[in-house]
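What follows is subunit A paired twice: with subunit B in the first complex and subunit C in the second.
Up next is the complex of A and B:
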């Protein structure tokens, strides 16, 4: 399994900083890719490989998204589902959703994702200034 | 003559409060470019963060609807030999962004099959008449559901537009011939 997955952000795709060795995964920026399946396919592949080996380990996942379009929202839900499934199998998973305090839409959206988590621990926090 | 013709077109748009207008074939790079200019204009207008993001979000969903669903398209007969996966189909639509009093409005129009009018009318009427809480519930339901048949996205676009809008959506259809109709959707933010 790879140690990390680093994808630089663009104006339409978020930066991916998955430090698998340090069990700290992060997605930052804006998400409205031209091809949502292609972009998130790569991310899902790497995450699945990591989570399948996680067992009872710990993992922290940070979402720091400014904006996501509706097709990306579906992809984010799938990320959350994968993390929740790993937590159900015994991993200690903490999910942090950081929102811009001036945009309550993203705060609300984070809350909606959080409500559906049954096993992973969810934290809704303001982005630091 | 030339200048006065174009100036008339411009004046017509101005009178309707239009700041941006695009009519033509839309591609993803067009969305990126117009989107960047829109963000800059909203920043210059000193729009608050939430308004800026909402106008932009509605613009993206409306543009992607044209790119994916407009029934008016130009198609290459064969994929170019060098790039078999290259885009061989582009779709036509019109999109405007403007001001009405203190609000921003994003309007989009494109051709659709007449057979799709009822389905669109039903879906849009439903989201137009929903409260914010009902829209939230529908959004979650659609996120969970498999994409609709014929949908190339998550099937969430109209719900996202309605959630971001500050007033009920407005929409309309005009029949063109036996097969096709023109569809227009307006969102106010």
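Up next is the complex of A and C:
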């Protein structure tokens, strides 16, 4: 398994900073890729490989998204499902959803994502200034 | 209708399904568990649908807002572009079209810089302008001068000249920068332009006489070809695109020494244009700053024009050239010379 997955952000795709060795995973920026399955396919693959070895370990996942389209929202829900499933198997998973303090929709959306989680711990936080 | 109302039917389905479970209507536990799992997935899918719809609506709002912002920005840009267009059109009147074009297309930087180029320079001046115009009212003088400069400028532009400046009634233009058709063609174009100007001047003189001007304008023209320093001179705040160098000074001297309504060429211009232009060498003139007297040539006209008038016979082909100036040679003398050539050919 690889130690890291780093993908630089672009105007259409978020930055991916998965530090598997440090158990800290992060997705930052705007998300409206031209091909959602191609972009998130790579992310899902790396996350699946990591979670399959996590066992009872700990993991923190930060979402810091400013804008996302509907397809990306579906991909985010799939990421959360994977994290929640890992938590169900015994891992200590913390999910942080950071929102812009002036963006009510992203705050509300994060809250709703959190409601779906049954096992992972969810944290709704304002983005630092 | 609120967004909740949009999902009333789904809410009812969920409530009814939940009621079934709560009422313990499933005798078979496995069936009940499967049904509960199915309901849970349906609820999750339902939440996801609402969420995605909400997100889609929000993105559409943002897109619309951005669209409006862009329309406003476009309106401002269009307005500013119009202002800029109007301003640049006004400014263009103060610049030669070639200079204006090369600046506005970015081909030339507006900075203090210069280069050496071989140019053909033209100077013209109205003979005794002050005396000629002394008796005119200011308005009449303005009209006369502007009409004259407009006509001459049009001819200069038609021939591809770069207008350097107007100094009162004097005109200074050059050929070879920023556009050049080669030194030879630049020189020829300049001489053709000068001849066209004099021709137009004769028409204007007739018009002015008709209108009551007692002493219409007469010109002296000087043309010379040589290396000049061309570029922007001045300060960063105020600069002129112009040319400097001894070739420029010499042109001004040639102009001063030209006969009235005549064109005086420097030696290099004559050499470059002599196939097309009939000119007569004059007594070399002594010019301050030049050690030797300067060779110069009085323009008689374009060979093509002279041939039409019948004053010149000109035939030219590859390896064959006949030029007969009937103003310089007696017809009988010319016939005799040509017959001698024919005899040699037959001989």
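Methods note: the second predicted complex is superposed on the first by the 129 of 129 C-alpha atoms of A that agree within 3 Å, B and C clash if a C-alpha of one lies under 4 Å from a C-alpha of the other, contacts with A are read in each partner's own complex, and residues count from 1 in each chain.
By definition in this document, contacts are C-beta pairs under 8 Å (C-beta built on N, C-alpha and C of every residue); 3 or more make two chains touch, one makes a residue touch a chain.
Just so you know, these numbers come straight off a predicted model, no measurement behind them.
**Q** Considering only touches as defined above, state whether A:105 meets subunit B (first), subunit C (second), both or neither.
**A** Both: A:105 reaches subunit B and subunit C.
**Q** Tell me the contact category for A:12 with respect to subunit B and subunit C: first, second, both or neither.
**A** first
**Q** Touch test for A:34: subunit B only (first), subunit C only (second), both, or neither?
**A** first
**Q** In this superposed model, does subunit C or subunit B come into contact with more residues of subunit A?
**A** B
**Q** Considering only the touch criterion stated at the top, classify A:74 as touching first (subunit B), second (subunit C), both, or neither.
**A** Touch status of A:74: both partners.
**Q** Touching subunit B and also subunit C: which subunit A residues?
**A** Touching subunit B and subunit C on subunit A: residues 67, 69-70, 73-74, 77, 105, 108, 112, 116.
**Q** Could you pull out which subunit A residues touch subunit C in their complex?
**A** 67-70, 73-74, 77, 105, 108-109, 112-113, 115-116
**Q** Can you list the subunit B residues touching subunit A in their complex?
**A** So the residues of subunit B in touch with subunit A come to 28, 32, 36, 48-50, 53-54, 56-57, 60-61, 64, 136, 139-140, 143-144, 147, 153-154, 156-157, 159-160, 163-164.
**Q** Quick check on the complex: what are the subunit C residues that touch subunit A?
**A** For this pair, the touching residues of subunit C are 44, 47-48, 51-52, 54-56, 58-59, 62.
**Q** Hey, which residues of subunit A end up touching subunit B in the complex?
**A** 11-12, 32, 34, 36, 66-67, 69-71, 73-74, 77, 100, 102-106, 108, 112, 116
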